[in-house]
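Here is the structure we will look at, set down as C-alpha cells.
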Amino acid sequence: MDEFFIGVAIFLLFTLLSGLQRILRGPTEADRMLSAQLFGTTGVAITLLLAELTPAAGLRDVALVFTLLAAVNVVAFAHHTWRREVGR
Amino acid sequence: MSSYVVYVVGAGLLLVVGVHGALTARHLVRLILALNVMSGGVFLALIAISARGAGSAAGPDPVPQALVLTGIVVAVSITAFVLALARRIHALSGRTSLSEEDLE
Amino acid sequence: MIVTMVLLPFLGGCLAFLLRRTAPFVAVLGAASVAATAAMLAVGVWRSGPRIYAIGGWGAPIGIELVADGLSAIMLLTSAVVVLAVSVYSIGYHEHDDSDAWHPGEGFWPLALILWGALNVLFLSADVFNLYVALELMTLAAVGLVVLSGGEAALMAAMRYALAAFAASMMYLLGVAILYGAYGRLDLDGLATVVSPEPAAFVAAALIGGALLLKTALFPLHFWLPRAHAAAPAPVSALLSSLVVTGSFYLFLRLWTGVFSTIAVPAAGQFVGALGAGAILWGSLQALRQQHLKVMIAYSTVAQVGYLFLPIPLLTSAATTPDGALLWGIDAWNGGIYHAISHALAKAAMFLAAGTIVHALGSDRIVGISGIARQLPITTYAFGIAGMTLIGLPPSGGFVAKWLLLSAAFASGQWWWAVVILAGGVLTAGYIFLVLGQELSLAGTDQPVELSKVPRSMEYAAFSLAVASLLLGLRVIEPIALLQAGLPFVEGG
Amino acid sequence: MTAGLLFDIALVVGLTIIAFRAIHAPDLFVGAVLYIVFGLLLALVWVRLNAPDLALAEAAIGAGITGAMLLDAVRQVGSPARRAPVLTRIGRVAPWAGAVGLGAVAAGALVTLEDRGGTLGEMVRGRVAESGVDHPVTAVLLVFRGYDTWLEVGVLLVAAIAVLGVRRTRVLVPSEPSSEAPPIATAAAGVLLPAGVLIGGFLLWTGSHAPGGAFQAAAVLAAMGILVSLLGRPPLASLSALRLRLLLVCGFTTFLAAGVVGLLVEDAFLRYPAAAAGWIITVIELAVTVSIAASLVLLFAGGRDRAADEAAG
Amino acid sequence: MMDPRDVLTVLCVLLGAFFFFAGTLGVLRFPDAITRLHAVTKADNLGLGLVVLGLALQAASLLAVLKLLLIWAIALLASATSCFLVADSALRGQGERESAG
C-alpha cells in the first residue's frame, strides 16, 4: 500500500509542477492566483498521502492548516479590488 | 544515493539560487525573497541532518527541528521588519532599490 | 549572579517599553547595577577563575551553559560602563516637550536596553546556536535603533545593514548546521575537544568566520557600516560603533581561539590579518577625506576594526609554534582585547561628543565647527582625549594596546604588522588633528556662532567615557591580570 | 531507485526551479505567488523528512503570513519591471561563480556527514521524561533550550518595537476607515475564523505531547488576525497604546518571570519546579502564543498602515 | 488477495488523482480565466474529496476520519470563496491586469 501512496504522491507532484506554467504565463493575475490555489489543494492531497507512510502524528494537522490558510492568501489578493473602489 | 544526499544537494542548490539572487537582485523585494530562499536552504540542511539514518532509530533528531523552528521565527521577524522598512522607504522617496552611488 | 546580568537589561527593556516615562530612570539604574555586578564578577573571576552556569540546571550538551572568564567579565564591565554613560547622555538628548506625539526616545530606550541584554547574552554564552539567537537579537535591535532618526538616509542605511546582517546570519547558521551534523553537539567547550581537521570542519569555520567578518564590518565587507553608523542618532552611533562591532569581534576571537583552535592554520590567520591591515589603511584614508564629522568617525571605526584583527595572525602562529611562543601569544591576546575595550570607550565618547556638537550647531560639517572649543570646552576635551586613545598616544589605553601588539609582532618576527600599526597611528593622528584644529581654531570668532543650549549631562557623559579610556592606560595591571583567567593557551599550550 | 527517492528528487528540483523563478520573475506579483508555492513545497519537504512541527509552522507562516505580507507589499512597492542594466561578462559570471562555489562547498561538506551519529537526539529522548512534557521537540524548545526560545520571543518583540519605530507611531492606525468587503468574503470569514481559532487552540493544547505548540498556534491565530485586517478591521487597532504594548510584551515577560521562579525556588534560571513544571509550561505557552500572534499581526498591519505615510508626506 | 477495503481505497485515490490531473490540464489548456477557474474548482472539490474518502477507509480511529472530513469541508468552503473572489476581481477588471510573465 505504501508504494501505491508514494506513487500517487509522485504523480500529483508532477501535475503540480506542470501547472507551474500557468503561474508563469498568466496572462492575468487571476490566472496566477487560481493556479496557486490549485497548488494548495494538490499540496493538501500530497500531505495526506505522505501522512499514510509514517506513523508520526500531526501530519494531518498540517493538511488542516494548509486548507484553512489557503483562503487567507486569496483574500489578500482579492481585497485590493474592493478596496480600490472605496478607497481612492 | 540516499534521501539524505538528495536533500543535502537540494540545500546546496537553494543556497546557490539564494546567494546568486542576493548578489544580483536590485529590487528590495527580490533581495528579501533571495535571502529567504537562502534561509530555506540552511533549514533544509539542518532537517536533512535531523532525518539522516532514520528508520533504524526511534525517529528523527528533535534538536535540529527545534533549532529550525527558532530560525523560522527569527527569519519571519526580519522579513516582516524589512518589508515594513521597504514600504516606508517607498512611501517617503519612491525608491525600491538600494542606492547606486556609494560611500566607499 | 551571572544570569542577573542578562535578566536586568531585558527586564529594563520591557519596563521602558511599557512605561515610557520611567525609561531613563530604569536605564541608568540598570546600567549602574549591572556595572557593579560585572565588577564583582570580574573580581571573583580574577581570584578564583572562570565560572560556569547551567541554564535550567541541565548542563551541556543537552542544555545551554554560560561561561564567565576574564574576557567575558571585562567585556561585560566595559559594555555596562558605556551603556551607563550613553543613558545619562540620552536623558539630555531625548529631552522633549511632553506632547502626545510619538518621539524617537520611545523606541530608543527599550531597543537600547534589549540590545545591551543581547550583548550580555553574547559575552556569556557557550553554545553556538544560542550565540546565533543572540546575534540576531542584537542586530535587529541595532537596525531598529538606526531607523529612529527617521530620514531617508537613515532608512536606506538601516535597510542595507539589515540585509547584510541577515545574509551573514544565514552563513553563520549554515556553519552551525555543519558543525552539528559532524559532531552532534553545540556547546563550545565540547566542540573544541572534538573538532578535527577535516573538510566539514574547515567549511564550517570558513562560513562562520566569514559571517562574523561581515557582521564586524572588516574591510572589504564594511560597505554597510559607515552610513548606518553616521545616520543613526548620536547615542545609537555610540552604542553601535563601540559595542555592537566589539560584540561580533568578541565572538570571532572566542571561536577562533576556542572551537576552531585545532584547525586554524597560519595562512588563514595571515589572510585575516591582511584584511585588518587593509581596513586600517583604507578606513583611515577615507576618514581623512570626509567633510562630515559623524561620517569621519564612522570611517574611523572601519579603520579601528582592522586593529582588532591584527592579533589573529599572531595568535594563530603562537598556537602552532611549540616553545617560546607563549609569551608573545599572550601579548597579542592582551593587546587585541585591550584595544577592543579602549576603542569601545573612546569611540563611544567621540560619537557622543560629536552628537553634542550636532545638537548645538544643528549640523556636523567639519568646516562649521570652527572655534567651537570656546563654547563647548568639555566636549572638546572629550574629543581630544578620545582621539589620544585612538591614535595610541601615551598614557592612554590605546597606547598600551598598541605597545603590546607591537612587541608581539616583533617577538614573533612578523614585523610587517608593526609597520601597519605605526602607519595607522599616523593616519589616525591626521584625521583627529584635522577636527581638533577646527575646534580650537580662532578664525571666525568675531561673530560667535549661535548655539542651542546643551544639557551639561551630555557633555560630562562623553567626557567621563574619554577619561575612562585614558585611565585604562594608567592602570594596566588589574585588567591584564583579569584577562589571564580562562586564557585559551594555558591549557591548549 | 525507489519511488520515495524519485519523489525526493522531483521535490528538490521543483523547489530549486521555483525559487529561481520567484526571485527573478519580471513581475514581482508573480514572484510573490511563486514564493508562496515555494513555501508549500518546503512544507512538503518537512512532511517527507518527518518534521511535522516544522511543516505546521511553514504552512501557517508561508501561506498565511509571509505570503499575505508579500502580496500586500508588492501592491505598493512592486513598481513595473525595469530592465536590469546590461551586465558585463564578469558581472554576469562572478555572482554565479560565488554562489555555485558556496553552495557546492556547503553541500560537499554536508555529504561527507551522512554516516555520522551520536547526536543529541538520543540524549533528549532519554531525558524527555524529566522535562514535564512528552513531545521531544517541545521539550527541547521550552525546557532544555528554553533560553533560546525565550530570546527568540524577544526577537519578535524587538521586530514589533522596530516596526512601530519605522512607522513613528505607538498605536495601530486602521488603514482605511471603511472598506466594504463583498458579503461572501465576510460570510466565509465568519466560518473560517471560529475554525481557525479552534485549530489554533487545538495546536496549542496538543503541543505538549504531539507536534504543535505555541508558535504554530500563534501563527494560525495571527493568520486569522490578518484575514480580519484584510476585511478592513485590523484587530489591534482599537487598542490603546498601553494595552497594545502589554499584549506584545506579555510572552517575553511571562517567560522571564517563569525563569526567575526557577531561580528563586530551584536556584537555576529557567528550571521549573518538578511538581509544577506542567502548568508553568502551559502558562508560558499561553502567554507566548498571545504575544507572538499579536506581534505577527502588528508586523503585518503596522507595515501596511498608509495613514502614517501620508501624514509624513 | 487484496482486502476489499484496500481495493476501494485504491480506486478512490486513483480517481481523485485523475481529477487533479484533469484540473491541471484544464488550467493549462482552457482559453480564458473564467473557464480555467471552472476547471480548478472541479479538481479541488472532487479530487480532494475522493482522496479524503479513500484515506478515510484506511483510518484507524473515528477521530482521524472526522479530521479528514473537516479538511474536506474547509477546503470546499475556502475554494468556493476564493473562486468567487478571483472571478469577481477578474470580472471587475482588476485581475485582468495583464502582467508580463
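Structure notes:
The first chain written gets the first letter, and so on, giving A, B, C, D and E; residue counts start at 1 in each chain.
As a working rule, a residue touches a chain if its C-beta (ideal position, glycine included) is under 8 Å from a C-beta of that chain, and two chains touch if they have at least 3 such contacts.
Since the model is a prediction, treat every value here as computed from it, not as a measurement.
With contact taken as defined at the outset, subunit A and subunit C are each touched by D. Counted as hops between touching chains, the shortest connection from subunit C to subunit D is 1.
In terms of the distance between Cα centroids, subunit D is separated most widely from C. Placing every chain at the mean of its C-alpha atoms, the farthest one from subunit E is found to be C.
Annotation: B-C is the more contact-rich of the chain pairs D-E and B-C, by number of C-beta pairs in contact. Annotation: 28 Å between the Cα-based centres of subunit B and subunit C. Look at where the CA atoms of subunit A average out and do the same for subunit E: the two points lie 9 Å apart. Remark: subunit B and subunit D have CA centroids separated by 13 Å (rounded to whole angstrom). Between subunit A and subunit D, the centres computed from C-alpha atoms are 19 Å apart.
Multi-chain contact residues of subunit C, defined as those touching 2 or more other chains: 129, 133, 136, 140, 143-144, 147, 155, 174, 177-178, 180-181, 186. Listed for subunit E are residues 74, 77-78, 81, 85, 88, 99, 101, each touching two or more other chains. Residue positions 15, 18, 28, 41, 45, 49, 52, 59, 63, 67, 70, 74, 77-78, 81, 85-86, 88, 92 of subunit B are each in touch with at least two other chains. By the definition of touch given earlier, these chain pairs are in contact: A-D, A-E, B-C, B-D, C-D, D-E. Subunit D contributes residues 3-4, 6-7, 10-11, 14, 17-18, 21, 25, 29-30, 33-34, 36-37, 40-41, 43-44, 47-48, 50, 52-53, 55-56, 59-60, 63-64, 67-68, 71-72, 75, 176, 178-182, 185, 188-189, 192, 195-196, 199, 202-203, 206, 210-212, 216, 220, 223, 226-227, 230-232 to its touches with subunit A in the complex. Within the complex, the subunit B residues that touch subunit D are 1-21, 23-30, 33-34, 36-37, 40-41, 43-45, 47-54, 57-63, 65-70, 72-74, 76-81, 83-88, 90-92, 96. Across the complex, subunit C meets subunit D through its residues 3, 7, 10-11, 14, 17-18, 53-58, 61-64, 102, 104, 106-107, 110-111, 114, 117-118, 121, 129-130, 133-134, 136-137, 140-141, 143-144, 147-148, 150, 155, 174, 177-178, 180-186, 198-200, 202-204, 206-207. Contact residues of subunit C toward subunit B in the complex are 129, 133, 136, 140, 143-144, 147, 152, 155-156, 158-160, 162-163, 166-167, 169-170, 173-174, 176-178, 180-181, 186, 222-223, 226-227, 286, 295. For subunit A in complex with subunit D, the residues that touch the partner chain are 3, 6-7, 9-10, 13-14, 16-17, 20, 23-24, 26, 29, 32-33, 36, 39-40, 43, 46-47, 50-51, 54, 56-59, 61-62, 64-66, 68-73, 75-80, 82-83, 86-87.
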